[in-house]
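Below you'll find the structures, each written out as structure tokens.
The same chain A turns up in both complexes below, where it pairs with chain B and then with chain C.
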Partner chain A sequence: MSDLASLTNSGPKQQRIARPERPERRQARAGMVLFAPALVLLILILIVPVGVAALLSFTDYTLGRPSIDWVGLRNYIDIFTGSSYRKMIVATVLYVALVVPASVFLGLGAALLIRSLNVGQSFYKTVYFLPVMASLLAMAIVWEFALHPTLGIVNRTLAMGCGTPLELWSWFARSCVDGFPLWLGDRDYALYTLAFIGIWQSFGFNMVLYLAGLTSVPTELYGAAAMDGVKRGWERFRLITWPMLGPTTVFVVTITMIRSFQVFDTVEALTHGGPAKSTYVMIYAIYEKGIAQNLVGLGAAITILFLAFVMLISVAQRRFVERKVHYQ
Partner chain B sequence: MATIQFRDIRKSFGDTDVLKGVGLDIADGEFLSLVGPSGCGKSTLLRILAGLESQTSGSVRIGGTPVDGLHAADRDLAMVFQSYALYPHLSVAENIAVPLTMRRLSNAQRLPLIGRALPGSRTTRAAIGTTVREAAEMLDIAHLLDRKPGQLSGGQRQRVALGRALVRDPSAFLLDEPLSNLDAKMRVHMRAEIAQLNRKLGATFVYVTHDQAEAMTMSDRIAVMMEGELLQVGTPDALYDHPEDIRVAQFIGSPAINILPVDTDASGTIRLCDMATGLRASGPPIEHLGVRPEAFVPCEEGELVVGRVRMIENLGSDLFVHLDAAGVPMPVTVRLPSSARGRIKVRDVMRLTATPARICGFDSAGKAAPVSAHDKAHDKAHDTAHDKVARHV
Partner chain C sequence: MTYRFSTRQTLAHGFLILGAIIVLLPFYVMISTSFKSPAEIATGTGGVFGSQALFPDPTCLALGGNEPDCLVRPVLDNYSQAFTAAPMWRYLLNGVIVTLSIFALQTLVAVPAAYALAKLKFWGRDAAFALVLFCLLIPVHAIALPLYLMLAKLGLTNSYAALILPWIVSAFGIFLMRQFFMTVPDDLIDAARMDGMGEFAIIWRVMLPTAIPALLAFAIFSVVAHWNDYFWPRIVITGDRSLFTPPLGLREFKGDLGGDFYGPMMASATVIAVPLVVAFLLAQRRFIDGITLSGMK
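The block that comes next holds the complex of A and B.
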């Protein structure tokens, strides 16, 4: 032991006397010291909890019970065989598949339209950005009122269309007779209604990202395109705007995907996963199993599954950025 | 191939008049440089010609046809931008092909995937490929066709931009400071290459630059612009030897022309610092004399300027001597042959003269005015006066 101590103590010292340490080495060591607190924090608050969740997902742990039993893959088997868990995957994927393209393209469209304005740019920016700034939970309550089957402004507005040419639309005509949908209370409509609120809430954010992306497109490119014979706006968009926004689009899609995978507040406030588990999205399932029903093991397994999804998206994004849309 | 005419072009952005009535005729196949300090409106004039901006008033004709209100794409012009403006996501070959695909392929044929399957698309695309390759070979960039602009050096990007301009065989080329992003050596090289291209293609070139050396070396004619006005249009020689405006004289030539403030008395005698110069104004009174550094000749007597050497710049081929001269606020620069090396030292007194033919006179408005040699009778007085000054400095 003393040998070892003398080795570690005198070793570097002797070296220092024999040959002055290179500044790079000294800087590297200082760098390690400065970066250590961040590393420790990262491990403590990110890596360790994920590891614990991964371990718990193989147990039947519940809060307060003294014993823990190792159940192997049973929680995962439950997820992939149980019907409510299948509904969870379907609801989550469907929600993401609806919200991501809609809010990305609406965001892009709004950004392009706002950029083309001569006056009132900041007015429209503010209007579209309002839902992003507002608390979604508070907005969810507003939506709950608006979508109330009988008293809500949505159905009452729709009812005013009865007796007009709108009835040529068969869905509309049927609704005028049988009553308009319950929206959040109907399992055929609930998820779509939540997706609509999700789009309404998130496209303003995408619009701001696209507006930032648009400012980085060099205007000389549009001049060059005009000289090269590009006359129509669509051609200009295809030749310059869309490719130049590539990095922005990858970022916007990734962010929107992760955010819509995480949808929770509207579900908790408006549907509680129902009706008939049609809006039983992942984060809500984690909350319900892990917190509400105290099935921590099962909740942990869903969490791990959720993390796997998010990881997959991030890896795909990195690959995509490296391979396709990075020009400089 | 086309002539270009500007008629009384005006352009204002809000309250600022950028162009104040510019009229200019450019001949077919001519290499014309628009030169002037930054902010003089030269780029705006070029962009108006290109159709990227519209003039407030006035008209532009290309090949005799008015093009006002015509879209840039329909003017049959090609432009090279200062930043090259290459499409960063397209390869070099695709970049050069853009002007051809936009014109030769129909909207449907340009569609991704399906477009390639449409009738006629393949043969047209093959023809475009051949034309692109020819253009690339002409500019010596055929080996770069598969690269992206991001992987190219500045000089190579410049060539790609030129390739994209000439692939379509347009009636005129517009070049907006195309060399300003290159290093000094590359700039000299591309200067020669662009001038050669003009001769080879026989097309009209309109070249915008702030660098008078580029304009002097490449152009058939130069148009000097300042503060939104054309000051003078002429051959490089005419601009250099006979500037019509003192600002043109000062802008053209490096090192800059020497401007000597003078007075003209009632008899027309021009006096520098109250000393007769041996020159007289044969037109309006002269306020400034302009003498090129190489027009000065050292002399023993009868000098125009006398001064003390402040600094000597040895360029090997030439010697630039800077003098502090009496009555001249700025140091006077003299260009001497290399044979004068070692014969002049700092703080020496130098007497300089110049033949009247190489002296430019400018009146109070800064416009050129004729200067001629004074008759003999005054010479004696002038000599003694100058001796006094020489002792003084």
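The block that comes next holds the complex of A and C.
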């Protein structure tokens, strides 16, 4: 019947007569209908998989086998007692602990230096942001070549330093005799090398966030501080800039942490978790155990552990933002 | 304008140039190597762009060609191998199909939901928004294993659907568009309702045009993330080369050629990295805004 009404009258008044529904009710129904697809998809794609992973982490499920058995906490016990999983936790935590401070500090340093420039601000900003844009996998393969023990530009350049005063540095002198490191092929260097690539890739992102944070520091504050006798650059930074950047720093630290926890591309393409599991990070472990080796139960348990880490960081950030970083 | 010499400024430039050299090093290595012949790569000679001296192509010689017929120019040989040794065009096309489909579907799902959350009062709206905020905490990469199992059970692995489906709902996209729609005045919507527009028409003809800047930023965020994504395609595409995205193709290329074909490999890496880098250089501001969007939370 409403079809008939809209055929004869298309004005809003007549429509309201044809549909005696109150506008609030119509709005409420429209709201539910419009949100419904997103609701269904959020639940199916994000919530259900978390539940599935939680359930499977207590089983010995493998893809393609019909039977499935509960194994209780077995998978978790394996993770916390097996030596390769201890290496996984160590590698992941060490990687995050290396990348986060360096990437945040370099991002902040670059932002402060760039802000102080009279010329060339946008040039440096563009250059430092390039790695964020470029495909990490492609750049990882390039880094692998650059770090190639014999063909790579890095060791070739380092070798040019032999016979110069650089040899006063005992590590350098030793490398000149024994050869420079294999970088990705040496278990003492591999994780640090991956961390370096991680820092190289991510600090430009932090720089841009800090540049945005710096523009929101009111300039009057510096004037007021100068009146109070705070003139030296370091004091100004310590008393004004750094506290005012608090919210930015909390955010930058959180996002860098969550991203570095998820490192995969460089590990899969360059080291496969080796040598000697020194770069066996969690996401790579999930991939290797859960998908490549089809040990779904174990992979699911690592997934749950991983989610717990990430949630912990995010919750910590939100509490931190609510409590400490409060300037208004 | 002239600037007086200042020690401070010079020092700052010094540090920043040093940083820039390290940042640009792999880009230089990539492009420079893609210009060089195998001999130049092996000996580390040839300067920036190689000498471009002709050299005999080994596969051509192996097929029984005589040397003068087999001479190739290093840069041309590297790039033509990048496109012939692997179906590079196919990879690039797949990359375009996947990234654009993901963005289109994300918009289709997120914009109505964001409009509902921002401008319509309905039962459970606060809970719905809380759900979106909660989902922001779940990185899709972290739940890759259960997602993969679900797709495998549905028989969808090794398909475009597998590459696209897990990404079609973006909690971040909903959140972002909702924040933007909150700033659109209610009067605008009321006026549209007076004109007899339905809610659906309001979304696409009134709300979306006002949100173009936000949508564009989100588009860049989404396209960059999915063009460069390697983890998810690696999991769901096994074997079927015709479905490879550019990073997967490059990885396969590396595996196939082994150690000695750095020239063609660097040429492939350049081909894959160049579209986004060039787009970035052309529209830096928009890109920086788009990619740091997550900083708006």
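Couple of notes before you dig in:
Methods note: the second predicted complex is superposed on the first by the 289 of 328 C-alpha atoms of A that agree within 3 Å, B and C clash if a C-alpha of one lies under 4 Å from a C-alpha of the other, contacts with A are read in each partner's own complex, and residues count from 1 in each chain.
In the analysis below, contacts are C-beta pairs under 8 Å (C-beta built on N, C-alpha and C of every residue); 3 or more make two chains touch, one makes a residue touch a chain.
Not measured: the values here are computed from a predicted model.
Applying the stated clash criterion after superposition on chain A shows that chain B and chain C can sit side by side.
In the superposed model, A:L56 lies in contact with chain C only, and not with chain B. Once chain A of one complex is fitted onto chain A of the other, the partner contacts of A:A97 are absent, as it touches neither chain B nor chain C.
Of the two partner chains, chain C is the only one that A:A138 touches; chain B does not reach it. When the two structures are aligned on the shared chain, A:V119 is found in touch with chain C, with no touch to chain B. Once the two complexes are overlaid on the shared chain, A:A28 sits against chain C while remaining clear of chain B. Of the two partners chain B and chain C, more chain A residues are in touch with C. Of the two partner chains, chain B is the only one that A:M227 touches; chain C does not reach it.
Superposition on chain A places chain B within reach of chain C only down to 9 Å, the least C-alpha distance between them.
No residue of chain A lies in contact with both chain B in one complex and chain C in the other. Listing the residues of chain B that touch chain A in their complex gives 47, 50-52, 71-74, 77-79, 81-83, 85-89, 98-99, 102-103, 110, 148, 150, 164. Residue ranges of chain A in contact with chain C, taken from their complex: 10-12, 15, 23-24, 27-32, 34-35, 37-39, 41-42, 45-50, 52-53, 56, 63, 106, 110, 113-114, 116-120, 122, 124-139, 141-143, 145-146, 151, 153, 156, 200, 204-205, 208-209, 212, 251, 255, 258, 262, 264-265, 268-269, 283, 286-287, 290-291, 296, 299-300, 303, 306-307, 310-311, 314.
Residues of chain C touching chain A in their complex: 3, 8-9, 12-13, 15-16, 19-20, 22-27, 29-30, 33, 41-42, 44, 109-110, 112-113, 115-117, 120-125, 128, 131-132, 135, 137-150, 152, 165-166, 168-169, 171, 174, 193-196, 199, 203, 224, 227-228, 230-231, 234-235, 246-247, 250-251, 254, 262, 265-266, 269, 272-273, 276-277, 280-281, 284, 287-288, 291-292, 294-295, 297. Chain A contributes residues 218, 220-221, 223-231, 235, 239-240, 243-244, 246, 325, 327-328 to its touches with chain B in the complex.
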